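Same chain, two partners: chain A is paired with chain B first, then with chain C.
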Partner chain A sequence: MLQKDFRRLALILLFAPFALWIILLILLPHIGMIALSLREKVAPRVYEYGFANYMDFLNEPIYWNTLLRTGSMSLLVTALALLIGFPVAYYIAKLAGNRTRGALFLLCLIPLWVSDLIRAYGWILLLRETGVLSSFLQWAGIVDHPIEFLYNDVTVVIGLVYTVMLFMIVPLVSTLDGMDNSMIEAGYNLGGNGFTVLRRIIIPYAMPGIVSGCIVVFMLTAGSYLTPILLGGKNSSWFTEQIYNQFISRFNWEAGAAFGILLLLFTSIVIWLGLKLSGQTLANTVAKS
Partner chain B sequence: MTNTPTYDLECIDIAKSFGAVRAVKGVSFNIPSGSFFSILGPSGCGKTTLMRMIAGFEEPASGDIRIKGRSVLGTPPNKRNVKMVFQHLALFPMMNVFENIAYGLRCNGVKNAEIKAKVHDVLERIALPDVAEREIHQLSGGQKQRIAIARCMVLDPDVLLLDEPLGALDLKLREAMKIELKQLQHQFNTTFIYITHDQSEALVMSDHVAIMNQGLFEQIGTPQELYHHPETAFVAGFVGDSNRWSGKVKASDGSGGTVETDQGLQMVFTAAGGRTIAEGTAVEVFVRPEFIHTVRRTEADGVPGEADNRMDGVVDSLLFNGANSRVLVRSSRGELIEADVTLTGHGDLKPGEEVCLFWSSRQAMCFPSEGSA
Partner chain C sequence: MSIKTTVAGLLAATMLAGASSAHAETLRLLTWGSYAPEELIQKFEAEYPDIDVEVTFSNNEEMIAKLRATGGAGFDLAQPSHDRIYAAQLEYNIYKPLDLSKINTDVMQPKLLDGVKANTTIDGEVYAVPHQWGTSGLMADKSKAPDVKGWGDLCDPKYKGKTSMRLKRTILLGTAFAMGDNPFEAYSDLEKYQSILDKVADKLIACKDNIKAYWNSGDDLSAMMLSGEIVASETWDSTAYKLYAQNKNIVFVPPATGALAWIDTFAIPRKGKADDAAYKWINFVLRPENVSIMSASTGAIASVKGAKDLLPADKKAAVNAAFTDADIDNLKFFANIPPGVEDMEGRTLEKIKAATGG
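Right, the complex of A and B next:
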């Protein structure tokens, strides 16, 4: 009996930090946000409950256009990260020798040691009008006046792909690592060419890793703030910027909260669609790696 | 049909090195159509490298590989009609049984209706007609084995390579699969090349066995030849169990003679492999346990006439294993000798009893020792 109580106590103690974290930092703020977003200001210091904030969002095209733009750019970033990350992960997991594998993995990790802000300024240093790339092109005689590479969509996408690359590579490496080499050899042995083996064996096998990498990358991109603002400037029109503006510049917490909830709903729907289309579940993708 | 090559696979002096390690050093052999050929050797002897060269995953440094008379050097693995059953089978876990078998056919551009018929047909032949829609993880070990073979056989290969596919199975299943594999080979009438380090697998199933050691073939022959007439000391020691003595030849008449072992035992022997062994040569003598007769010393008069070697000793212990029971006898010079005995349960030998061991000089196989062996 005593043993049983002791075990229950141990379980509660182990579980407590996790439960506190979920409740205090995830659940409570979101409940607060939902409550806040449903509040409308009818007169100074007079509030009513209703969907006015959400109606504002729908009635103002610039808001939902920004959200759609953020969503589609995030999907593009996710696709690019997958296209670049897959060969890199395949090389690390399957082709590199044991020692190079560790070194390559470390190389992928090193950028994480530097803060987002510094990395974004690194890009600015390279791409601004008086930056390294522009100066080099002038010096080489390819162009005759300085070029501004910053503040356009291409730069934002490049910067975001660079920032999230690691989160694509890690789950891919871990799934590809678990794949028996003889499976690939069997694919060739039974008559498949390189493309067939990739399409019918390697990609289906790596699907959980691909999906989990894509989910993490999409979430990070859609919710990122620093990189689009610094590299895209005023033109970036990222949805997080709208949320920031509502909260900080316009002091309209109600609208900001509604936008936050909308962003969460939007990304959740996109991920749900992605899971349905790829025939995967959360349990065998993100939860696994 | 006059030009049909008689060999499904010919390997001519193939060699392969990895860095400074010479994994395969000039191996030649021919495998006639429709036979079950095993390559038997200890781990690290180069047999897997040899197999990977036949399948096309490694290129030999020199030599030639011919399948049905045509050289396949430079042909990529997916263009060779050699299929392989991998050690851990390498069935595709994301496809069901039907898709696993259909994979190779789809790669060859076979039409859907034909694929259906062929897969169904091959499943019938391996006696698993109802598993087409199952997932791989729902199959038992033996079923997976058969699916892996069916996946290759549906493509009608010239040669089927099997890389120790029974290694992962438990003992009982392994015994059953040995017989089943042999039957499947008969049924498909395709050349099987079976790689293993387990001699009983090789001896039971094969028409011919090649013994491989340190990158070279020591001997190729039928299982009986290898067992009863080994050509080298390695083969004698590796195939079957043996009592082994080293010693020096005291007297020799070319095909046989007398040897004195390091422990001081005099023994009459026959030189193995038709060799002549000169006097004074350092040799190794092998005697198989089943050719040693164990008799109680009190009954030692009724000696079989052929047994011209005799040794006295005391029963050290009995190793009971049903029909394969053995007795361990400690000789007066302290060494332990294994001999097969029939234990009936009545009046058997007991530890501590004094016994005589007899064996014929014809069963004492003698090889010049190689120093390292």
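Right, the complex of A and C next:
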């Protein structure tokens, strides 16, 4: 009897930090945001409840264009991260020896030890008109005048891919790691060429890793703030920037909260669609890898 | 050692710690980067050993957002600009009235003091006094862009791809003045103000092609200007003065229609817990010897009498290179922002940012 109580207590104690974390840091703030987003200001210190903030979003093409732009660029970043990350992960998991493996993993990790801000400034130093790359090209005689690589959408995509790469590689490595090499051999023995083996054996096996990597990368990209702001040019709007502007420059917390909720809904829908289209479920992808 | 003595020891230790922290007061400053130089903080703490100074660097918008989030708690002294107090106080009630008898207002320049008081008085209570003032205007590299004289010259095709601005309200107001309107007078008639903003938006969208990039902080602006990537930009005068020290060709240019002047103030948050320490800090930084240290760090001019003479030599040279007396007379002080204007300006800025002008 005593032992049973003790076990229950242990379970509650173990569960408590997690429950507290979910309730205090995730659930409550979001409920607060939803409440805030449904409030509209009618006069100083006077508020009413209604959907005006959401209507504003729908009626102003600038806002939903920015959201769509953010979404499509995030998808592009996710696709690029997968394209670059997959071979790297395959090499680490299947081809590299035990010692090189640790070293390679470490190499992927090292950029994460530096803050986002510093990494963005690193790109600025490299790509600006008087920066390293432009000077090098001039020195090498390839171009005869300085070139500006910074302040456009390509730079934003490069910066973002670089920032999120690790979150693609880690789940891929861990799924590929569990794959038996003999499955690949069997594929070749049965007469498949490299492409068929990749398409029919490796990718289906790695699917949980691919999907969970894509979800994490997409969420991180769509919600990132620093990289698009610092590397983006005069036309590069990012939805998180709109949220910041609503909260900070325009003192319009109500609209800012509505935008935050909309971003959450939008990314959730994109991920749901992605799962449906690829025939996967959260349970057998993210939970597994 | 038994558990009892350990607990007793711990208790004693916490009580001691509690006692000593009750003795030392903390002054939590919410201010602009460079407005609390380490040298001054150390001097202040040496003079008042029982006060610890904690500094948080911020800007106008973030100061209001931070105080709004807590209803005016978390800081003991804030330094928003004079035009950002009236509406913020009306809407969010984040400051408490100042006790002017505790502030050494005699040393302040009467014109600035009265101006700030007039701007920040609500129901007969004064909410702010001036600290430092400066201007927003233009900066140009004389050797490469000698003809930059007014706000509109940033859009001159001669300097295509070589100019910059910050996409915030300053450039909207400056452009409005350059187009012959007076935006501050239109504050009382928001419909008229909207029509001015629409004109400004068209002008700035057409100008986008000419701009290299919008700057976000004094640091990116400095880097672009010093490297020669841009030759002219909208700027704060203090940033221009700092660059003048490194390259004598880079000068601050008060626009022909008048530089826009701001006054950073002292205001006490509503739930501040160290008012006395805050008043001590205010009076401390108003002393002439401390004004020089402060101005050396901020590049702005103090609101005390004879402040120009208290500037460090290099800053004085930069100010003299930039301003004539006529320019000073032509200053346009930012007018109080009535409720709603920030939203209109925000929309205009979004429209400009989203437009694909080049």
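Keep in mind that, in the parts below, the second predicted complex is superposed on the first by the 287 of 289 C-alpha atoms of A that agree within 3 Å, B and C clash if a C-alpha of one lies under 4 Å from a C-alpha of the other, contacts with A are read in each partner's own complex, and residues count from 1 in each chain.
The definition used in the following text is that a contact is a pair of C-beta atoms (placed from the backbone, for glycine too) under 8 Å apart; a residue touches a chain by one contact, two chains touch by 3 or more.
These numbers come from a predicted model, not from an experiment.
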Sticking to the clash and touch definitions up top, decide whether chain B and chain C on chain A clash or fit. fit
Looking at the overlay, what does A:N252 touch: chain B (first), chain C (second), both, or neither? second
When the two structures are overlaid on chain A, which partner does A:D180 contact: first (chain B), second (chain C), both, or neither? first
Quick check for you: in the superposed arrangement, does A:Y54 touch first (chain B), second (chain C), both or neither? neither
For A:W64, decide between first (touching chain B), second (touching chain C), both and neither. neither
For A:Y91, decide between first (touching chain B), second (touching chain C), both and neither. neither
Just to be sure I read the superposition right, which of the two partners does A:R200 touch: chain B = first, chain C = second, or both, or neither? first
For the superposed three-chain arrangement, angle chain B-chain A-chain C (C-alpha centres, nearest 10 degrees) equals 150
Specify the partner with more touching residues on chain A, choosing between chain B and chain C. C
Answer with first, second, both or neither: which of chain B and chain C does A:L230 touch in the superposed model? second
Chain B to chain C: minimum CA distance in the overlay, Å? 47
Per the contact definition, I'd like the list of chain C residues that touch chain A in the complex. 61-62, 64-65, 68, 88, 90-93, 168, 208, 211-214, 216, 223, 227-229, 339, 342-343, 346, 349-351, 353-358
Chain B to chain A touching residues, read off their complex: 55-57, 76-78, 82-84, 86-88, 90, 92-95, 103-104, 107-108, 151-152, 155
In the complex formed with chain B, which residues of chain A make contact? 180, 182-183, 185-193, 196, 200-201, 204-205, 207
Contact set on chain A toward chain C in their complex: 44-45, 62, 65-66, 128-130, 148, 150-151, 229-230, 233-235, 237, 242, 245-253
